[in-house]
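Take a look at the structures below.
Look for chain A in each of the two complexes below; its partner is chain B in the first and chain C in the second.
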Partner chain A sequence: MKKIIILLLAGIVLLSACSSGSDETSESGDNDEITAWAWDPKFNIAALELGEETYAAEDKEFNLKIIENAQDDIVQKLNTGLSSGTMKGMPNIVLIEDYRAQSFLQAYPDAFYDLSDHFNIDDFSDYKIEPTSFEGKHYGIPFDTGVVGLYLRTDYIEEAGYTMDDFNNITWDQFIEIGKDVKKKIGKPMMTLDPNDLGTIRMMIQTAGSWYLEDDGVTPNLAENEALKEAFRVYKEILDEDLAIITSDWSQMLAGFNDGKVVSVAQGNWITPSIKAEASQSGDWAVAPIPKLDVPKAVNASNLGGSSLYVLDVPGKEKAAEFLESTFGSDEDFYQDLVTDVGAIGTYTPATDGEAYKKEDEYFNDQAIVSDFSTWVDDIIGVNYGMHTYAIEDILIAEMQQYLDGQDIDDVMNDAQQQADAQLK
Partner chain B sequence: MSNRMKINATGWFFIAIATVVITLFYFYPMAQALILSFQSGLGANLSFVGFDNYIRLFHDPTFITAITNTFIYLLVQVPVMIVLGLFLSVLLNDKKLKFKGLFRTAIFLPVITSLVAYSVIFKYLFATDGVLNQFLVKFSIIPEAIEWLTDPFWAKVTIIIAITWRWTGYNMIFYLSALQNVDQSIYEAARIDGASAFKVFTRITIPMLKPIILFTSITSTIGTLQIFDEIMNITGGGPGNATTSISQYIYNLSFKYTPDFGYATAVSFVIVILIILFTALQFRVAGDKND
Partner chain C sequence: MIKGLNRFKNNGLFVKMFIVMVVSIVLVSVLITLNTFRVSEKLFIDTFSITNNKIINQINTNFETFTDVISMSFHEVQQSDKIKAFLTEKDFDAKTDAKAYYNINEQMTSITSNIDIPGINMFLVGENGRSFSTNYVNWPISKELLQESAITENTYRDPKKIMFQYDPLNLDTKTSHIIASKPLYDRETESIYGLLYISIQENELNRFYDRYTSAGNDVVIIDQSGRVASSNQKDLIGHKEMDLLQYAKEKEEDKSNYNSLEVFGKKKIVISQHIPIMDFYLVNLIDKDLVMNNLIDTKSIVMISLLIVSVAVVAVFFITGRLTKSLKLLVSQISNMAKNDFDQYVTVDGNDETKQLATTFNYMLDELHDYVNQLIETQKKQREAELSALQQQINPHFLYNTLTSINIMVQQGNKEKSADTIYALVSLLENTVGNPNEIITVEQELENMRHYVFINQGRYGDRIKVNYFIAPECLNHGLPKLIIQPFMENAFFHAFNKKESGHIHLLIAEREDDLVCEIVDNGDGMEMNERRIIQHNKKNRHLFSGIGIHNVNERIKLLYGEGYGVELSSHLGEGTTVKIRLPIIKPNNFTKTQ
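Let's look at the complex of A and B:
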């Protein structure tokens, strides 16, 4: 009998040893500390830190704990956490990419805290409001813009006999024509393309105000989507004419322009720090408006990426909301610092008249790129990104391969439409 | 009698802990998962849909591509790896071989590397302007760079090469240890009878290793059906869906897209069913004589 008691005791010790670890991991949101999840230490996290510094002047007690995670990890943690039904361990503030925002807002309707009373939507670029709102309530304070530009190596294009004016407000077809000539003269391709990332396509179709989905944000819009077909045609032509280096990941894309292998980069303005990372190319770059698709109503402005800040419905939400309200939601000076210190261009319209926005950038031959970007922000046509951006994109990535292999565009799109209809019920 | 009861009680107690823990952390989640696989909906908005998820599988082209890819890996990679592992183990088992330890370590070393670490290195080796292409082109083995990662065919080849490199040594160790147990007198007898090396291999070594071959082919099959890390890190499933595996599709459904955990669970049950079927098949083909 004694043995059994000893065994039992041993068992209890063992079991309690197993559970003792869990106390530390459960994060408490109920005391003074506000937690935030974000990715990219040089950009988003730097912006949040700047916000904390600014807010410290108002509230000395305020303590923001920023936890850095890769974006994929944040998405994964949010999905598992929110669908488990418990909000334990969730942060107060979380950064979500605009393309994904609706998928969270609609999939977990009770998880987010309504910020409608904490900022004025008229102060922000229109195109940022749709992705951050759901059923008339505004859940996200718009943060950075993903406004795109065509970054060009001025030394290369001059060598080929072109000037920046030749790239002002052009169509993609004109871009290809120039590209062919440049390739012939100096032997450099125009850009890099990653067949597994259709960011370029997304960027192209938004110049025409079109998206993968109808305006309702749910119905796939592929088979009848002229802008999308046009974008596919352009994409194929760029590849057929050998104007692109094919890459398979982000670092190869960065190496493409840092090593001087390509003439241009068509990306969101957040690529600026990566371009400037190569100090030896200072003065060799300039930014032109993004080419547009050759369809009616298309504009020379588009968006790629960009994210917004959300508050989760956990203890401390009021405090988190106040923090966001008085920094990202209303502070013009804060946005000046954001441009100067972090290089992040916000979407808060009153800030665009500030000094920092007008500053010229030596690296870009004294072009006032921030001011240029913010002018283009106003032209972006807002679209409802809906909840299925990446699901549809994976279908399109596969169909793109078929199309590049020579299949007819209508067949390809009908096929994609059928798949999307079946998958996204 | 009371003594026996005591022994029994102690025995049951030992088993009880394991049983409770296994039930709690293994069988309970399995049952929950099964229930979940009959539900569908985005995120937290789940509702019961009966067999809809399983019916949807048959009309889902991405799922069919993922299954096809996984089977291509299975049918090409598992036999290649097993033959290679057998071949290497027989070579390394040679009594006269020098530096045996060195060779064995070299071939086994990939097994102890982290899946993600080696995948990332493979990705860079096989990049279009990577080391491998530069080597092959420089020495005029191929006329121009192969798109190892961005061509649908070559991307599959890259994945197969990677997993073969990573797992051959693992299987080889099983064969090597099994070879130690084969009675040398059988080989001697064969040699006296004048059997050629090839005959010895096919008539003695393979039959003697049969249970181990069965074991390794089952574990390799299970491993390949669940393949995830390499694909996620080397090609990301691309180009298009050319290298997506079932596990990666489950990941995408749960975490990349707006999550549909119900459907994702249904897909994972397909892997369970496939593993059971394949294991049964392999036992039937190779196992029964060894009972």
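Let's look at the complex of A and C:
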């Protein structure tokens, strides 16, 4: 009888051992995994993948999981995540557009991991430091520059009797004058404009070192903003002179230059791959410095877009920071690869002496465009993009319509100022 | 192997019982388990299909609400004069364009804000060449690409209807799309002035049913061309599944709850419904095996059955062992009984039944012994009675012969000799007829012998000499009456057929605690292998009594046991020796037995 009981017990133990064995799942892998959020598979995600590849040589264990989210989704998820206070589900690394960076840094400074010790700010362009820093701490490692250029169809301007020299360091008024002449001669408008996106206005006012907000990054600066008024004037004039094709989305904008409908493209350097996508136009393009506003201290250099990488204060932050430090933060060779493989121009100054930066581009008639862009990066006047770039822009889009309808610029701006003051309080 | 076989043979009962029990236990367990599986499977599938039908209805309702919202948007866009103006006006410059795009953005934003579906893009294309995306990022389509696509072609085919299609263009986005499209129609001019496309992200449709799916329980939504528009099985999306479409269409007519089908090479339960406005088919595929595996933990049930079976088998092993062990012991004891002359008792051990059996057997053994003893006793007595009866009979021939010779003696006038002979005969008769079973002393027997010999010598002359060698200490020992006489008689009448004369020695002595009488003659002798000496003499004329020599041995053994009896040795021409071995019977002993 005893034997039977022992046997029974043994059987039960065996059974329970069998059933429990299969339940064990390994979750240990998650600890070493660093997650990153980015939005463009061909650009910033490709750059992060390149970074991972480079870093893998140093740390074979390193595992970066890049999650693709639309930029709007990232913004929304960050806002809900950070405001709720729970960092659950937040990534280690997140890419944030410079225009929006302050809205996060100022609202949730504790949520971000201070990277001041992980890179040398002197190695990067000054204008990138302002949006990525808050209260003296540097939270973001600059990723790409949004340095803008004036891409020109050399065949069109030659046909109209102009040379590239005519576009070197000009003002927007000079640009309009040439544009009128070109339109008359060859019937092509100069550029595309999207009335629902004032990127062009932003680009224009930064040539004068001005922004929608005061230097404090909070107070709207519209009514007394001469640069902004000047930009509005230029914008209206371009439309009045019918020098633009109106677009409403990316594909229409691409169609504008890929189909040869416009003479120039005034955009950030990130448009280069899209221009080069039309192989038949190889050799027909050149890049000139962006025209400046006709105001004092304005320079022929500006920025449009561009983003930086931030580390959130969640487990794995040290590892994430080390990864960024040894790639985006200090690796000259990595920046050469970034230009060559991804087409992303960084703002890491020591890298500009590298081969890839000096390389001439056949498509642009052997112009060393990366080198040129890098030169212009240095000239960009840093501004505090502050917290409310897009909120103010929404107001301005509507006010622009009033202005186009013939309202006085001061009235329009006063109106905008009032709305902004009311909304952003 | 042979050893094992032997064990098997020895344990025949145990093995048989054990095998029968094990087979029954296993059979019962297997049948019950299988039946449990079968019954629960059927019950589960029935319940499952009812539940899933309800779920499918629920999903369909969700889809209806969804398509209502989409239809409403189409309606609003169709009704808007501003949108119509945007899509129809011509000859514009940059400034009017800018205003138009600003306005259309406002218009469309207000319409999209009413649609509470994330991730959509409403794409307008006008006959005037203008186009507008409300949310380009969600569906980065270009006008040119779209106009060449089958989506547009299908939309024109039935302009009155909102067309839902899977977008086969595979734009560079994370998710695939379902496109709702319809031409914008001007009733006054009876012309189409534009098209509205609404792109819906596949994962938005997924949302409607995703929470109902599980491993092996899949939902597939196929458009009217058989293309999978949405599914929780992402790799199916975009594939053409004509079989499934065919099945779903047939299912529309027949109203059964579910069907079992072979889909994607697996047994599936298929439930399907038509989504009316979208003209899609909602198909629920349930992987029978997988779901069943989740429901019934086959492994643990089988393990439990195995455990029960093994416990039962072990229990049966021990119980059967105990039962058969005592029985086996009993059987082996009984089968060894013959070797031990049936006087070894069976050990009373084991359980009640075997104990009882053993007791009964022992009792029976006792009875048997008693009976056999009785029988032996009876037979012995009977034999003794027979022998004594024979002993008492004095052969009439002997008397006749003796009396005849006395008569002759009297006629010859040999008065003295005849008187002696008569005396000898009288003494002989007196000693023999009196007590048939009597033990007499050697001396008395010797006396009888002398009388017998005297009578015979009187009749046949004294050519045969008889000598007596008797150890003096034997004279008082007892021996059964007429033990020696038959051998003496035998020697007289058969030993000297060829030889004219000879002698007979009678020797009596103690040897090895036995009393040994030897009758030795130097007559003809015989071949020892001829046993007829004992049987052949059927003519009893010379015999003194009914006792023959052949009975003597039997009689001695009957009286004193196997250690005693008669030994015969003879050589042809040399003579015969008869040795009679008897126990020593002291005078005080045999007087008691009298």
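By definition in this document, the second predicted complex is superposed on the first by the 395 of 425 C-alpha atoms of A that agree within 3 Å, B and C clash if a C-alpha of one lies under 4 Å from a C-alpha of the other, contacts with A are read in each partner's own complex, and residues count from 1 in each chain.
In this section, a contact is a pair of C-beta atoms (placed from the backbone, for glycine too) under 8 Å apart; a residue touches a chain by one contact, two chains touch by 3 or more.
No experiment lies behind these values; they were computed from the predicted model shown.
A:Asp242 contacts which: chain B (first), chain C (second), both, neither?
After superposition on chain A, A:Asp242 lies in contact with chain C alone.
With the two structures laid over each other on chain A, which partner does A:Asn196 touch: chain B (first), chain C (second), both, or neither?
Both partners, chain B and chain C.
After the superposition on A, what does A:Glu68 contact: first (chain B), second (chain C), both or neither?
Only chain C is touched by A:Glu68; chain B is not.
After lining up the shared chain so the two structures overlap, which partner does A:Pro41 touch, if you call chain B first and chain C second: first, second, both or neither?
After superposing on A, A:Pro41 lies in contact with chain C but is clear of chain B.
So, A:Met387: does it touch chain B (first), chain C (second), both, or neither?
After superposing on A, A:Met387 lies in contact with chain B but is clear of chain C.
I'd like to know which partner A:Met204 touches here: chain B for first, chain C for second, both or neither.
neither
Which partner does A:Gln252 reach: the first (chain B), the second (chain C), both, or neither?
Both partners.
Go through the superposed model and pick first if A:Ile397 touches only chain B, second if only chain C, both, or neither.
Touch status of A:Ile397: both partners.
Determine where on chain A the residues touched by chain B overlap those touched by chain C, and list them.
3-4, 7, 11, 72, 195-196, 246, 248-249, 252, 397, 400-401
Quick check: in the complex, which residue numbers of chain B touch chain A?
9-10, 13, 17, 42-45, 56, 59-62, 65, 123, 127-128, 147, 149-150, 152, 235-242, 252, 254-259, 261
Across the complex, what residues on chain C touch chain A?
93-95, 97-102, 104-105, 131-133, 136-138, 140-144, 172, 174, 299-300, 303-304, 307, 310-311, 314-315, 318
Which residues of chain A touch chain C in the complex?
Interface residues on the chain A side: 3-4, 7-8, 11-12, 15, 18-19, 41, 68, 70-72, 189, 193-196, 238-252, 254-255, 397, 400-401, 404-405.
Considering the complex alone, what residue numbers of chain A touch chain B?
Touching chain B from chain A are residues 3-4, 7, 11, 72, 75-76, 79, 82-83, 85, 103-104, 106-111, 195-196, 246, 248-249, 252, 387-388, 390-391, 394-395, 397-402, 419, 422-423.
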